[in-house]
Structures are given as C-alpha cells and as structure tokens.
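Notes for the one structure printed next.
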Amino acid sequence: MTGERAIIEVEQLSKVFGVLPALQRLDFSVARGEFVLLLGANGSGKSTLLRLLSGLSKPSAGTVRIGGWELPREAMELRAQIGLVAHRPLLYENLTARENLAFFGRLYGIERTECETRSRDLLRQVGLLRRADTLVRSFSRGMKQRLSIARAVLHQPDLLLLDEPYSGLDQRAAESLDALLATAWQEGRTIILSTHQLERLPQTAGRALILSRGRVAYDGAVEEDEMIPIYQAASA
Amino acid sequence: MVQELESRSMPRLLRALTILTALGFAGTLYLGLFAAGTDIQQGEVQRLFYIHMPSFFGAFTAFGLTVVGGIMALARGSEKWDKIALAGVEVGLAFALINLLTGAIWARPIWNTWWTWDPRLTSAAVMCLTYAAYLMLRAGIDDTARRRSFMSVYGIFAFVTVLITLFIIRIVPETIHPVIVGASPQNAQGSFEATSGVIIALVPSLLLWLTIMPITLMWHRYRLEDRLESLNRLKLKALSD
Amino acid sequence: MKTAYIETVLAIASKDLRVELRSRELLSMTAIFALLSILVFSFALELDRTAREEAVSGVLWVTLIFASLLGLNRSLAQEYDQGNLDALLLAPVSRSAIFVGKLAGNALFTGLVGFLLLPLMTALYGMNMLDGRLILTTLTGIFGFCAIGTLLATMTVQTRAREALLPIAMLPIALPFLLTAVRATKGILTGASEWQVWFQLLLGITVIYLVLCLLLYKYVVEE
C-alpha cells in the first residue's frame, strides 16, 4: 500500500527538450517525512526533475504522483502541497519582505490575520524580523535565500523542494539554512534538496539519489564512502 | 540510421498530388492566357486576375490550416501539428506575396500607380507583415515545447488579419478595390464583368489554388521540416557518441 | 472558487499598483513618452485646421498604442526577470486569473495616460476631446489592446530579442482596435452619427479577443 506511505511516486518519467533527453525513465518513490538529497553534476537533470515535481513543467512521458494527485492533470490540487525554493529567489524586489509574504499568502488563499501571524513567526525564524519592512532589493543573497524559504513554507506544504540552496551562501548563511531545514523536517515535512557540492551536505538527510545524464545512478543511504566514487564516475 | 533519412520516399498520394498540381497549374494558365477572351477595356493585363484572386484564397486555406494546426498542437501537444502550422504560414505567405505582386502589376496601368493606401491593400500588406512577424517570433524561441505553444497561439490570432482583409470591403466602404463576385463598392475603379469566359478561366484556377496547390506545397514543406529534425537528431547523436 | 479567482486578480493588480506607486517608473516613463509624442505630432502636423482635425484621432491612438507597448514590456519583464512568473505559476491559482490581474494593472496605467492626453490634446489641437463618449471609446480601446498586449508580452519577454519583438508581434494583431477606435474617435469629433457603429465593432472585437486571451493564456505561461 504505497499510496499511504509514499508522498512522491515517479514511474518511467522522461523529459525531452526538443531532441535532447533530460530525464530518461526515472523510477523512484519517496516516503512521507523523508529528507532526500538529489546529487549530480550540472546538467544531470536535477533542476528539470524538481521543476517536474513542482508542476512547473510537464513530463514528456511517464507519471508523477504526489500525495495521490497525478501530474499534470491534477496540478491545481497538487500545487497547494508543494513549496519550492528555486535558483532564483522568486521574490518581488520592489516589495518589502512582509509585503512579499502577504502577497503570496493571498495567492494561496491564506486568511489575512492568519497570514500576518504566520509571516511574523516565519520572519523571526529566518532572522529577518528586524528587516521585515525593508525592500527586498536591498537584501543580500543569503537574506533573499532565507526569505525565499519563508515564502516556500508559508502555506505549510507537505513537500519542500530546494534547488541548489547552498550556492552563493557563505559559511554562516549555510549553517542557518541547515538549522531552518532541520526545523522544517522536524515539523514533518518531506524535503528534497538538490546540490552538486558533496563537501556541504546537511546532516539531517537520510537518503541520497545521484542523477547521471538523466538516470538514477545511486539510490540509498547517505554513505560518503559509497557515494563519492559513484558521484565522481557520474560527473566524469 | 542513414537509411532512416533515405528510406522515406515520397508517398504515392503526394506524388499524385504533385503531378496534379503541376498539370492543373499549366491547364489553368492555358485557360487564363488563351481560352478566356481579352477584356475590352483593360486589355491583356486583366488576365492577371486569374492568379491574383485565387492566390489570396490559397493563402486563406494555408493560413486557415495554420489555425487548425495550432489548435491541434495545443490540444494534443504534438510536434506534427506544429509543423503543419509552420508549413501553412510559409506557403500562405508566399501566396499572399504573389497576390500583392500581381495586384501591383495590374494596378500600374489600371489605377496608374503600383501601390495606394487603400483599406484593402493596407490590410493585405498588414496580413503579410503579421505572418512575417510569426516567422521572426518563431526564430527567437529556442525551446521547442515553448515555441510550439507560443506559435500556435500567435497563429490563431494572426488569422484575424486574414478575415479583416477578406471582409474589409464590407466594413470600410470607401475602397477603390473592385469586387468581381457580387456588387462592387461605389468608388471601385477597374471593375470588369464576370462573363462566361471569365468564369471558365476563373473557377478551375480558384479551385486549384484553394485546395490542391496549398495542400501539396504544405505537405512538401512538412516533409522538409521532418527531415531537418531527423538530421538534427543524427547530428546530436554523432556529437554525443 | 469564484472568490479565489477574484482574490487572485486583486492580489496581482494591487501588487503591481503598490510597486508602481513606490517607484513611479512605469507611469512617468509612459506619460513622458506620450507627451513627447503628442508634441512631436503637433509640430509635424503644422497644417491647416481641417487637416489637423482629420489627423487628431490617429495621433491619439498611435500615441496610446506605443505608450502601452513601453508599459507592457516593463510590466511583464518584471515578472519574468526575477523568475516571479514561476512563483505565480507555483501557486494554486487559475492561469487566466493571473492574466486578468496583469491586464488590470496594465490597462489602469495606460488608461491614466489616456486621461492625461485628452485634456492636453484639447488644449493643443483646439478641439473638445473631453467628451463622455470619447472617454468611453478611449477606455474600451485601451482595455482591448492591453488584453492582447498582455498575452503577447508574456510571450515576447521569454524570447531573445524581446523589446524589439513586442511591437512587431503586437501592432498587426492590434490593428482591428486601431482601425475601429480611430474611426469611432473621428466620428465623435466630427459629430457624425456613425461613431456608434464603430464603437460597437470595437466593443465586439474587444470581447472576442478577451475570450481568446482567457482561453489561450495558460499555453503561453505553462511549459
């Protein structure tokens, strides 16, 4: 009975751009509450997979089921349960942090006072409460990243997807990201995080998927001794 | 792999259509140039009409098929219909240019000018520019899936300019462009009567340009696009091996 | 579901309004462009009174359409450049609601420029353009070509040569609006009763284009 336990079920998933295959017949599933690392060199298909899982892009073949909803047919129902932190912060530069959250709260149909309370809590959590009323334009990369995480979890999604969240962050910002992710995971969210930096892996992750040229090259526990040779072979 | 390119010989139906188009074109040229009588007022130049009007309707068919291709490409997400839509634009644009060119040559002796900013002439020119814009827009998009949906949408909107060109005489009455079938506008200059000789030359030509000719040309263009695509696929494969 | 739709439209439109009130970039840019255009035309058309009367409706609409092109490019580039279009698409909202929200903002800004132009042209061209019918026609026309413009700008900002492509893609498609709006304006200014026919045509075209845009918008934003 996978439907109960699994939040993501991917079967024979392929994505082709023109004549270029980006993903080739992927098969995997992710159980509720897992923290999965998605590893692979640039161009291995990580971003493509995350875009597919978030419903931003349609599969060329195969099926994606998330929480029982099938993509792309039931994308509308599915969107409410997903939060995505992409390469770019997906924030409005000319709005303040608080206004950004209020805007996305409205799109997700969160009631106004509820949204204000949640925004305040989240801004405190990501350490931006004091800057809540400054324009996002003046934020550093790390601050935007943190706000972007607050945006992604504002509607309390079951599934949190992060695409290369460590890139461009300094040591301190990366550590505070780790702490945020640990909190989100402890709250019961399923997390999928993509990265190409093996030296900088979050400690809480329990499982790793290595993608190589659009295929799964490794699927198992986070065991650096086992993963590193496969990763290096995959990126060669 | 190379056989994949070579083995796709022309389907029998397409071969038949091609021959039919060639024969039909020769036949209608004969009817227009020799069988139909010379117009008393306008002289030999009036014979251009047997290409001028049919070529517009050929463009109409081709652009119409672009709309069909667009709708199907959006509904099915298929590459095939997108290629049909593209073929429609290119063939239609060629026909529309023939239409403008023959019109200009005819207008020189009859209206005493190559070109005038008459409503119908203007809208026909805008129609050509719209489809030229289609090709430019298409060239600016690299991602094939995105290109397919954008161009399908644009192809549907672009057809509005075709309809305007067709109906503008009813909307803006002060055109000088004559109408041969039905009543001409008051100001029309250069009308001639649709005598039985005119009809004998016009009807076959109109049927040819309206149906077999655009479809045959589009089919050839479609096959060319198909081959280009397999060639690209082969190139990519050769590079990655 | 219905209230969620309206809520999305309002959220997007008021977000654009807030950003605009803060920076005033878009409005000041389009307004200055429109002013310049009117002035340039008034110098270029130093003709006798009747010739100017003939030309004035054309001047109004050409100016409005070019001003809206500027605004549309910016409005949609702002969504696309920071990847915000993705953020909108991630939300569980109807795609056509996103379209209507963007359209509302664009039509509002271009409409304001239109309101600015009418009294100005009244002064510069010496004819009364502050007529209820003319204001109605102006707003309808602006709404119509902002609708098609919002759809096309969403496409062109995703292409390589985008600033150049929007006018090329939009002008021919917007021609029906230009044609009917110019005729209606001319009818109103010269007191001809035929303006009603042109206005009805303009209204009809606006409705048809709007329906097409609502149906097709999802195809230009979704991958």
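Per-chain residue numbering starts at 1, and chain names A, B and C are given in the order in which the chains are listed.
Just so we're on the same page, a residue touches a chain if its C-beta (ideal position, glycine included) is under 8 Å from a C-beta of that chain, and two chains touch if they have at least 3 such contacts.
Here the structure is a predicted model, which means the values were calculated and not measured.
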Comparison of A-B and B-C (more C-beta pairs in contact): B-C
Greatest separation from subunit C - chain, by CA centre: A
Per-chain CA centroid nearest to the all-protein CA mean: C
Rounded Å distance between subunit A and subunit C, as computed from the means of their C-alpha atoms: 38
CA centroid of subunit B to CA centroid of subunit C, Å: 32
Whole-Å gap separating subunit A and subunit B, where each centre is the average of the chain's CA atoms: 49
Two or more partner chains touched - positions in subunit C: 222-223
Shared interface positions of subunit B, touching two or more other chains: 145
Residues within subunit A bordering two or more other chains: 58
Subunit A-touching residues of subunit C, taken from the complex the two chains share: 4, 7-8, 10-11, 15, 18-19, 22-23, 82-84, 86-94, 222-223
Subunit C contact footprint on subunit A (complex, rising order): 51, 54-58, 76-77, 79-80, 82, 84, 86-95, 99, 103-104, 106-109, 151
Subunit B-touching residues of subunit C, taken from the complex the two chains share: 148, 151-152, 155-156, 158-162, 165, 168-169, 172-173, 175-176, 179, 201, 209, 212, 216, 219-220, 222-223
Contacting residues of subunit B [partner subunit C, same complex]: 74, 123, 126-127, 129-130, 133, 136-137, 140-142, 145-146, 149-150, 152-154, 156-158, 160-161, 164, 171-172
In the complex, subunit A residues that touch subunit B: 17-20, 58
